[in-house]
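The letters A, B, C, D, E and F name the chains in turn, as written, and every chain counts its residues from 1.
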Amino acid sequence: MSGIQESIIIRTVVRIMVPFIALFALYVIIHGASGPGGGFQGGVIFGAAIILYAMIYGIEDGKKIISDKVNRILSSTGLVLYAGTGLLCMVFGGKFLQYNAVPLFPNPAETAAILMDVVEVGIGITVLAVMVSLFFDISPPETEDDEMFPEEVEQ
Amino acid sequence: MKILALFAVLLAGGMLLYAGQDLPAFGDQNSPAYQHPMTTRFIEESENETGVYNIVTALLANYRGYDTLGETTVIFTAGMAVILLLRRREL
Amino acid sequence: MVTETIELITPVLAVLVSLVASVLILASDKYPNIREGWTFLAAFTKFGLVMSMLPLILDGKIITYTIVEMLPNLPIAFKVDAFGMLFAIVASFLWIIVSSYSVGYMRSLKEHAQTRYYFCFAIALSSALGIAFSANLITLFLFYELLTISTYPLVAHIETPAAISAGRKYLTYLMIAGVSLLFGTLVVYHYTGTTEFAFGGIAGLELLPKTMLTILFVVFMIGCAKAAFMPLHAWLPAAMIAPTPVSALLHAVAVVKAGVFTAVRIILYVFGVDLMQASNLWLYMAYFVSITIILASVYAMRQNNLKKRLAYSTVSQLSYVVLGALLITPHGITGGMLHIPYHAFMKITLFMCAGALIVTANKENISEMNGIARQMPITMLAFTVGALGMIGMPPVGGYITKWFLLLGAAELDNMILIAVLLVSAVLNAAYFFPVIYVAFFKKPDHELEYKEAPLTMLVPIVITALISILIGVWPDAPGMFLDIVNIAVANVTGGV
Amino acid sequence: MTGFEIIINNLPVLTVVIPLIAGFLTTITGWIDRRLCWYWVMLTMFVVVLITSSNLLTVINSGTIYYHLGGWMPPFGIEYVIDLLNGFVCLIIAFIGLMVAIYSKESVKKELPGKTIPFYSIFLLLITGLMGMTITGDIFNFYVFLEISSLTAYALIAMGDRGDGLVASFNYLIMGTVAASFILLGIGYLYAVTGTLNMADMQNILPDIYGSKVVLAALAFFMAGFSIKIGLFPLHAWLPDAYTHAPSTASALIAGLMTKVGAYAMIRFMFSVFTPAFVIDMTRTAEILTWAAALAIIMGSVFAIAQSDIKRMLAYSSISQIGYILLGVGLVNVIGMQGGLLHILNHAFMKCALFLVAGAIFYRTGIRNIYQFQGLGKKMPVTTLVFLIAALSMIGVPGTVGFTSKWYLALGSIEAGQWIFVLVILASSLLNVAYFWRIFDNIWFGNPHEKEHIKRDEAPLTMLVPMVILAFLCIFFGFFAYYPLHYILEPLSNTLLGIMP
Amino acid sequence: MIWILDISLLLFLVICAVAAITIKDLLSAVVILSAYSLIMAIVWVEMQAVDVAFTEAAVGAGVTTVLFIAALARTDGRSED
Amino acid sequence: MTGIMDIVYAEYNYWIYVALMMIGFYAMIAKKNLVKKVIGANIFQTAIFLFYISLSDITGGTAPIIVHGDHAAEVIYTNPVPHVLILTAIVVAVSTTAVALALIIRIYDEYGSLDEDVILAARRNLQPEFSEYARQKEVDT
């Protein structure tokens, strides 16, 4: 991989492309309501952008964008957003995930559409975080001291 | 092992082919799956009820939103499982 | 005959006493004296509780108590009738005797794991009493299994590979028996909807087809393998590896008596006299146990180890009890039932003597016992009493039961059975007299000093020997075994 | 609407959503302080136990609960249906989950150092998956939760013995994927011919098309899939390795619950997706099932006798025990069915207790070979006593819950006229004695002289408490099996078999 | 004549599947699997399942392949069968 | 000619799906290499997805995204339900693959091989304390 990583052209192209891919991912998430796409696909594409960056610039650099800590928070946040929406519906007297129970707009369909967007964003965040974390974990460690399983000591 | 595997595979394949004879023809508009009120309602009412054009999205995030919550949980679980398997430090 | 039923918690208490004691024994692991104190306390309390019920039973009453209805129509319940009382008295009284004897034996030999020993002993006694008081097959099965499990550590007590393998054998036989018993119970429950013992047999069983009935009977008899019928007897000699008080308890009181008790219960209280007679099952079974009576005596003659010889003698004698019940005439049943306490007292005397020989003289084989009576005269006298009883010589108790059995057989005009009884008496003599001869009349190999067993052992031996004589001399003392047996027999045969 | 009302109205979904949310909040909790995780899981499981008991009580008092997720009426949305069967199974899951959660504190600290947070997260997600599978009335939703529970189980098993745990987990993963794919196929086939995913709706549509080969194939794929999932005898190859090499906590949880939920699913699909008439008369599935179960009962016990690793032995015994459940179900009479269903409860208690004991022994001594157990009776008296009680229950001694279920199974077999199954049940009891007795021999007998020096060294309190509770319940339900039988299992068996009481 | 396209795509699927499981070099196998997924996505577009096709292209051909390659980088890439 | 073609047209994706499924299933069971097993699992699952999507297809149908305009009433949409199910199932498949790959990496670290036979042999030889046979032997001696 080192050959590719050192190619200035590729590094530059990737640097330029990554934000655009991310933007496209956001578009896919929001566009899910009216065309193909949705939270899941968007999340995967966003994740792919970061994975691409990490492949070229190295995992350590990738972790500067999304550190383990951020990753952990993000992956939970997405689900909290989703399940929270469900619970919110319950608070307004509906069933779990019964969007139209929330009195956000007079038209229940409109409320549903908005909350579905929230849910899609939630999915997107979780998927993004988990995809990146999967890649970081599965790809080979870069430094020698990061050896996989030394004897572990309980603090 | 290979022979056993072949046998199992042929058994499963045979079952599928056997069942295939009674399967509704593909592309048939009169198939039970398409004629069931569920499908009909999704196609006709989803826009009014959920406010989105994409029926798949409407199903995914609204009618069967709970499945999707489960699906997201599966992803989260996979991430957690890989962390459990491959990380040596606490999260 | 009308029997009055009263509800009383005493039988439950009687069973619970030793269970509670077992916990206390475990708790006082570090203090042997307190530990043995609990044993004695429990033994006396238990005996007292059992005896307190005796007047009611002699009045012809029946005591019942339902603990819990486990499943519909499947309660864990106690019912004390005359026959159960008989076994309960024997078991609870002999526990006192054996406890005293155990203390002497175990301390003399400095045995290990004594706490476990007393613990299991107490549980075994609870189970024996539970069997005696069971109101139905399922309760009986529960305590039957508990008895098996709790005596296993006693059999395997010394923990040598040989002991453990003997224990395994013991367990294998008795577990198969247990499963068989359960199978029978299941069938009875399925066809009649109840498992409760009734004086004339469980109603509804007579409707079964003949083959089914026969199979059921065979299954039940396999279930009574604790009674050591001949093909299922192998566990009993193997279990001789246990410490002698255990052998005494196993062979005279708890386990084998539980086996024959169960067999009699099943023959008379599940199938009932009428059904046994109608189906002719009694005759086949009577011939079958006759084989055991004769064959076991022959085996006994060939044993040099005293405990083994006694074990085979037990196998033979137990079949008397079953034979008695199978004779289905009042006299025969009287003889069979009466043999339970009589054999218990005589056999426990014999075993305790054998144990005393081991502890004091360190002798197990008959061939080593030349002139041992000079060393231990009291023990050997007690032994002689027991042996005479076994053979059936007055004034020791044994002759009474044999008399009743012979009467029963004669009433049925069955020459084969009469012959069996007579031949077996001769065989009994043939294997007991040599022991007595060797002990009293052979010259010892070397000089022997007078040295009896410790008092805790000797006193029980003397007591049981005396009782063996007493029940022979004055069998119809009020409230003694014959009275109780008469009530039981009246119950099962529908009045005198 | 008050908060209380909101909670009461939504109890069915909270059964699943609470462990779910708690599961991914565990990462946050653990971030604050790692030790909080355990309390967090305990709290969650406790709440779940309360919810499931409340659900069950509601079902008993006022009948089946229907809950429409998202407010969409079935078949349009996903429906939760709690009847006696899954109310009962859910309570078992929650209860065993709580017990294992209590137990896990010390065990995880020792066996999985540095992995506390993901472990507890996965733990709660496993409970979520099992709950979701059990409670749902929608077959695709079932599949989703099946996958949640499977993935978590793979991860947990892989955490066990170095190397062996990984291979076991991988094999399980492959077999599990095959099973899940079969189930997915079955769902697809049923969807193709009915057009619905709701179980009740499907049951209404299916009788008209029972002649269809597709329906038959769907049934075959479901049966094959579930048989792999529960490790029915010839398809059990993954199970012993997986149970043996998993960490103690995971073994107890997975052995206590996974196969039970699999059996539940099998029952659910047989009787609530298809109809009794179809599985009993038209395809004779039930009969085939009883024979497979009888084979499993015997073979599982026989293999168990040959093992020297305690966990492996227990795993084989699980194969045998699952046979009891299926035997009872396959007998298709009310009594046998009650026995089979009671055995779900029964086996969850016993097997969980036994695995917890195995874990406790491993925790203190590092030994799993039963021939090295000498003197344990003196070292860990309470643990071994629990082991004795659970084993007696396994054998089926009266006064333990194992007896009751075997009694019903045997009666059911007689009623079905299948005497051979009575013999199978009795024979397997003997085999159970054989393989448990070897252990008792080693625990309490042997090496009498060395034993004098053994010091008492009992497992920590958090490990003892759940074991003792489970042992107590084994005995309690031995005497009072009447309550679950009368209030739950009898009406349930009648309903499942379509008999009006 | 759209079915000719369909059939050739589907046959190509089978070829890819067979190749993926027979080829000994694992990296090649994974790349072929990726191709398989991509063709599958095209087939689905053909069947008007655009959302699914999109997902399969992103996940099956994208993420799965990346994960496979990453994993292969940590193991040896040869297979005996 | 058209008759045969009709049959082929009506059923061809079904045959293909069965073939793919069998290929994947075979690889899962019979292949010794762990990665191959996972590849097989992917093929198997994707084949099932193909089946679902085939179910949803309607001849002359259009993607289930509501069309507005003049001809809106005439538009036939394909069945959206299987699409949703398969979206979920794809995610499940990738999750399973990820976990399987993580396991493979760990197994390779432990045994240095991905071949089932080699791993089995290694489990027997390298770690006698975990082998049943050795355990028994240890007890006997």
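Just so it is clear, contacts are C-beta pairs under 8 Å (C-beta built on N, C-alpha and C of every residue); 3 or more make two chains touch, one makes a residue touch a chain.
Everything numeric in this text was worked out from a predicted model, so none of it was measured.
The chains in contact with chain A as well as with chain D are B, F.
Summarising the inter-chain layout, the chain whose CA centre lies farthest from the centre of chain D is C. Among the remaining chains, the Cα-based centre furthest from that of chain F is the centre of C. Nearest to the overall CA centre, using the mean of each chain's CA atoms, is chain D.
Counting C-beta pairs in contact, the pair that comes out ahead of the other among A-E and C-D is C-D.
Separation between the centroids of chain A and chain B, computed from CA atoms only, is 22 Å. Centre-to-centre spacing of chain E and chain F amounts to 11 Å, using the average Cα coordinate of each chain. Annotation for chain B: residues touching 2 or more other chains are 12, 16, 23, 31, 33-34, 38-39, 42, 47, 53-54, 56-57, 60, 62, 64-79, 81-83, 85-88, 91.
In chain C, there is no position where the chain touches two or more neighbouring chains simultaneously.
Multi-chain contact residues of chain D (touching two or more other chains): 20, 24, 27, 31, 69-70, 114, 140, 144, 147, 151, 154-155, 158, 185, 191-192, 197.
The touching residues of chain D, when paired with chain A in their complex, are 1, 6, 10, 13, 17, 20-21, 24-25, 27-28, 31, 67-71, 109, 113-114.
Across the complex, chain A meets chain D through its residues 72-73, 75-76, 79-80, 83, 86-87, 90-91, 93-101, 152-154.
If you check the complex, the residues on chain E that touch chain A are 50-51, 53-55, 58-59, 62-63, 66-67, 70-71, 73-74. Against chain F, the residues of chain B that register as touching in their complex are 1-2, 4-6, 8-10, 12-13, 16-17, 20, 23, 25-29, 31, 33-34, 38-39, 42-43, 46-47, 53-56, 59-60, 64, 67-68, 70-72, 74-75, 77-79, 81-82, 85-86.
On the side of chain B, the complex with chain D involves touching residues 12, 15-16, 18-19, 21-24, 31-39, 41-42, 62-67, 69-71, 73-74, 76-78, 80-81, 83-85, 87-91.
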